[in-house]
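In what comes next, subunit A is part of two complexes: it sits with subunit B in the first one and with subunit C in the second one.
The block that comes next holds the complex of A and B.
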């Protein structure tokens, strides 16, 4: 590799500024815990984290503008172009030795970076109140959250399997700790242990997959893997093992192992059993982070891997189709049985992973339709779940009790009408009820899939996948609506007289902001889905 | 008797066998510590693959990965053992079958 000029290094640092900056903020927050150790200062690490995340939003806007500034003569844009100019917009192989691509296919990475920062921001907003209620205020919470966020960002932008593995671990290891953060609560500890054992088990599979792919192609760079498999370039390694054509056992074995590893992380059937237990036992704010953040980043990772193996399309699409059907079935049927909202949302997140997989089947035919709709779906999915969790936290704050089981929801519609309505809104959106954001996300994704099935007759089966997805999302309305019915149509349980005096509190500004931001975004996407989708394309 | 030379294939086979042993350990053993040890065995089996392939292809990439994997494994040990100790303190056992607060 030629030596890098100072200017190139500067460009690189600027385009990678988000993860670098957030890692730095994470270290600062970790240190700040030493300073803010009085009881009335416990919230300061959270404030610092929020400031850091807002700062990284500006960095995101900066990198968005670098890639998307319109080429008009408008004086404002001309000035902005001058300020933001990147000398010879770098090729993906320039950044970090070809390991990191800040944009991704159809801006998938760039958009998911924004989703991830918003996820971290909302989780940080709802965390302090929850941690105080459970007496868990420890400053390292926010530092771990930030490190996990850096892991998510690197995972999404990784174009090299080494970085994919390292980013995954950078995400997972803080999450193992966060899942067990409520120790000595046995449920939290159990959740952490299960997550840890199954998570590192999955990482080992992923790693074995990387080794096999490396052995078969001689490289771990996803772009190079794609080119080698397509026969565009010869492998750089002199004595390659077994590489002859595409249907090579080592490549297929490696791809399967990679899919197993990723499948565990985004809880695809049959690797989903850990999900409800871990989501239920972990502290609720950590569950929110896992539901929204990990799933989004894991999905982008899956897309990146599948794109690298696009030549083997014929081989992997039936596999993905079968997993999609199973995942949708198990997720939806499992959710019906649940009477605990955290477990219900865990199963619902499995079901949503299934819907997104349906979209992925059409990936090679119409990437220019599937990928933007997928990023819209990922964003809406993350926001809806975050919104539901944020309202849940606001309700807990307002009622001063834990609201998890179905019975806890009785009568909330009367006591806290606004919050209850918002929760109903998010749940309906999760069910894909028109005209919410969840409906449009599903609509676009499924339309794209049908279009690609019509383009390629060998994919006719896909239309049936979409039919299954639509039927199942209608069924899903049942288990989401149950909580709405409980809130509005069930009388509150009789309370003792001394509790009758209890004045409903207003949720704190932090939780209130989180609820408002997510509700507004979901509402906006629901009202104006088309311009947003155009922005993504 | 002709002396057999050890080729890359042998290393890869050994690695596959070790990896399978690790998988079986995770699936069959009930002590959290042994399960964890089996996971480490899987990681090291993969490391063996990486080194063998790297040597075979004459590229250093695989050997670099091994260093990363070792670092990550060390970090995992630190967190994992802490979790197991915390669980042992509250439950008095590390048997994963006895950990079943969460069900459904």
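The block that comes next holds the complex of A and C.
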């Protein structure tokens, strides 16, 4: 690489400013915990975190403006660019020595950065109340959350397997701690230990995969891997891919190991067994972060890896298809059995990963439909899960008791009609019921998938994947609706005194904001997806 | 954009939604009156549709803007098909009468509820208004995607109306209702998705679109096997909604458990969404298949007519009796549709309105007596004629309209349907005519059990006759029954051009079928 000028370095730093800034905020929050140690100051680290995350939203807008430079020439954007002093980079795709790409294919990474920041923001908004109720208010919670967020951002933008691994660890280690944050609670400790053991296992797989891929191709840069594999096929003189007319086991083995490692992280079947226990035991706000944040980022990581190995498509798509079917089946069937909403949402997140995998099978045929629809799905998925968790937190605040078991939901529709309706709304959205955002996301993803199957006859099987996905999402309504029935159609247990019922407590402004923001976004994306879609064309 | 210069249809759809929001924001004591105001205003507005309707086959009051356009990347090497989903509303002779019927029955149902609903009123009225929004959307949407959104949106408020304000066994009933409908909808959704994808390959614009007029150009080009599958997918969804035998088992449960106003809406309008679906989408999109399969559907309809009537006669629960009578009556509508000729289709459309009026009124009457006695068991009643003469009079007219007495609305609809069926296949008419006789049997049985005989149950001695409000609720319905019975052309005339156009589509389809 040629040495870069100071100005270039500055621009690069600005384009990478989101992770850098958030890491810095994380350090500040960690220190602030030393200063704000009086009981009435406990919330200050949270406020700082929120400020930092909102700041990083501006940084996101800046990078969005940079990468939309050629296409948008209307006055508003021009003015905004002028104010932010944004200029285009000669080669914007590769930063940090070619290890980091803030845009990604079809701006997938760019969008996911936004989703990740919103996830972190909503989690920070709902966390303080929860931590106080559990007597867990310690400032390092927010610092750990921020480090994990940085890990997510680096993970989705990574184009180099080493950075991918580092980012994954930067994400995982804080999450291990966060999962066990409710320390005297045995379930939380169990959750942390399980997550740690299986997470390390997954990391080992990933590392071994990286080593094999490096051994075969001589590089760990995903773009270079793609170019080498493609060149190998085109040149007709196979050196890497084919040995003695057979597939190079080193590449295939490496790819499989990578998939196993990622599969653990985004809990694809059969690597999902840890998920319900970990999600159930971890503090609820951490669960929200894992369900929304980790899964989205892990999925983008999976896309990045699959794109690098796109020429081996013939080989990996049956694998993905089988995993997709298993994941949908196990997720949906598992969810039916659950009577604990955290476990139910854990299985439902497995099911959703399955739906998204169905879309991924069509990736090489129609990347320009599959990837934008997938990013829409990821965004909607994160928002509706966050919304459901935010409402849960608001309900806990309002009723002053823990609400996780199905029985806890009885009669909530009468005591807290607005919150109960909102939870119903998010659950319907998760089930993909029109006219919610969840329905539109599913509709576009599945239509795009069928479309790719139509264009490439060898993918006829994919249509049946979509049929399975549609049937299973109809079935999924059953387990989501169970909570709606409990809230609205069964009476509350008579133990409570009447006073409480008639004067419901209002949730605090932070949780209220979180609920309002997620609900508005899910509703708006549902009714008017156009502006959002236009951002990422 | 349309003959009025303002988006009347959108206003009709979204005014109740606004009403639902306002109702749920203001204190509960205003809820019933406020929602009634919204419903009545919407009814008055819907009369504009009737007033300004022109006697042509064209869609009128059309509103058409693109709603979701996405994923079209012109700069990729292979041009990508993008989505073009339209907000496309319009009214023609087929949907014309469903709109005032919906607004009228909604207003009446809301008005009736003000006495019978005593808990969680705000939510109740908000859901009633939401339901109105969904139903109007179904009858106006001309883009299949939009149609599907409204179609499903109707489920949510109905789910709550039955599940929260329903009877003892309400949760079972509401889940059964939703699961049945969802199962059908899944088929329809699959068919809609498939049509969108075919529209890329066969259509002119190369985009994934769902507008009815574009799809109508495409469907004749599809291979017969595909057409058959797609038609069946639509038909199953609609058959469940109608409900056509053997998909009817959810209906009695839902009706018996629903609150009175819910039953009125369910029978009066929701069931018509199914028959309307046949008229608007399934038949015009796949006329050749419709002709091919008409005997099957007509047979199912006739079984429904006879079986529904038979089972209705055996019911002790009044609501359950009226519910099974709906199965029978809707059988006539489906039979009319699958006669696929002018008389049959006109009769079916007219019968959709008639059934809405008479069954709506029957459920209201049952509800009124339930309010007084809190039972619907036929054996508990007898001899009410002497105690409640006004009630008896209204009941008599409604019952006779439902049976199909000449001079009242039911006669015209059933007569046209039977003529149509006869023209299509005399045997159909022969069997269906028994349904008319059986209708008289179970309805007279119902009437006789309640009204005649000795007044021997002491609890019935203290019953009061209808209040002024109850009379005012029933008068518009009964007046319309008489009006349609005397002057059916008022309704038949405006729908003629659209029916003729539909018949032409069917004949073209039949001609196309002759070429292998």
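Worth pointing out:
Just so it is clear, the second predicted complex is superposed on the first by the 488 of 537 C-alpha atoms of A that agree within 3 Å, B and C clash if a C-alpha of one lies under 4 Å from a C-alpha of the other, contacts with A are read in each partner's own complex, and residues count from 1 in each chain.
Here is the rule we go by: contacts are C-beta pairs under 8 Å (C-beta built on N, C-alpha and C of every residue); 3 or more make two chains touch, one makes a residue touch a chain.
The structure presented is a predicted model; accordingly, all values stated were derived computationally and were not measured.
Contact with subunit C, but none with subunit B, is seen for A:467 once the two complexes are overlaid on the shared chain. Contacts of A:531 after superposition on the shared chain: neither subunit B nor subunit C is touched. Comparing subunit B with subunit C, the partner in contact with more residues of subunit A is B. Put simply, subunit A uses no single residue to touch subunit B in one complex and subunit C in the other. Put simply, subunit B touches subunit A in their complex at residues 8, 12, 15, 19, 22, 26, 32, 35-36, 39, 42-43, 45-46, 49-50, 53, 56-59, 61-62, 64-65, 68-69, 72, 75-76, 79-80, 83-84, 86-87, 89-91, 96, 99-104.
Chain contact summary for the complex, subunit A toward subunit B: residues 162, 165-166, 169, 173, 176-177, 180, 183-184, 186-187, 189-194, 196-197, 200-201, 203-204, 207-208, 210-212, 214-215, 218-220, 236-241, 276-277, 280-281, 337-338, 340, 343. Listing the residues of subunit A that touch subunit C in their complex gives 366, 368-369, 372-373, 413-414, 417, 428, 433-435, 439-440, 443-444, 446-448, 450-451, 454, 467, 470-471, 474, 477-478, 481, 485, 488-490, 529-530, 533-534, 537. Taken together, the subunit C residues at the contact with subunit A in this complex read 67-73, 76, 80-81, 83, 120, 122-123, 145, 148-149, 152-153, 156, 160, 163-164, 170-171, 174-175, 178-179, 182-183, 185-186, 189-190, 193-194, 196-197, 200-201, 208.
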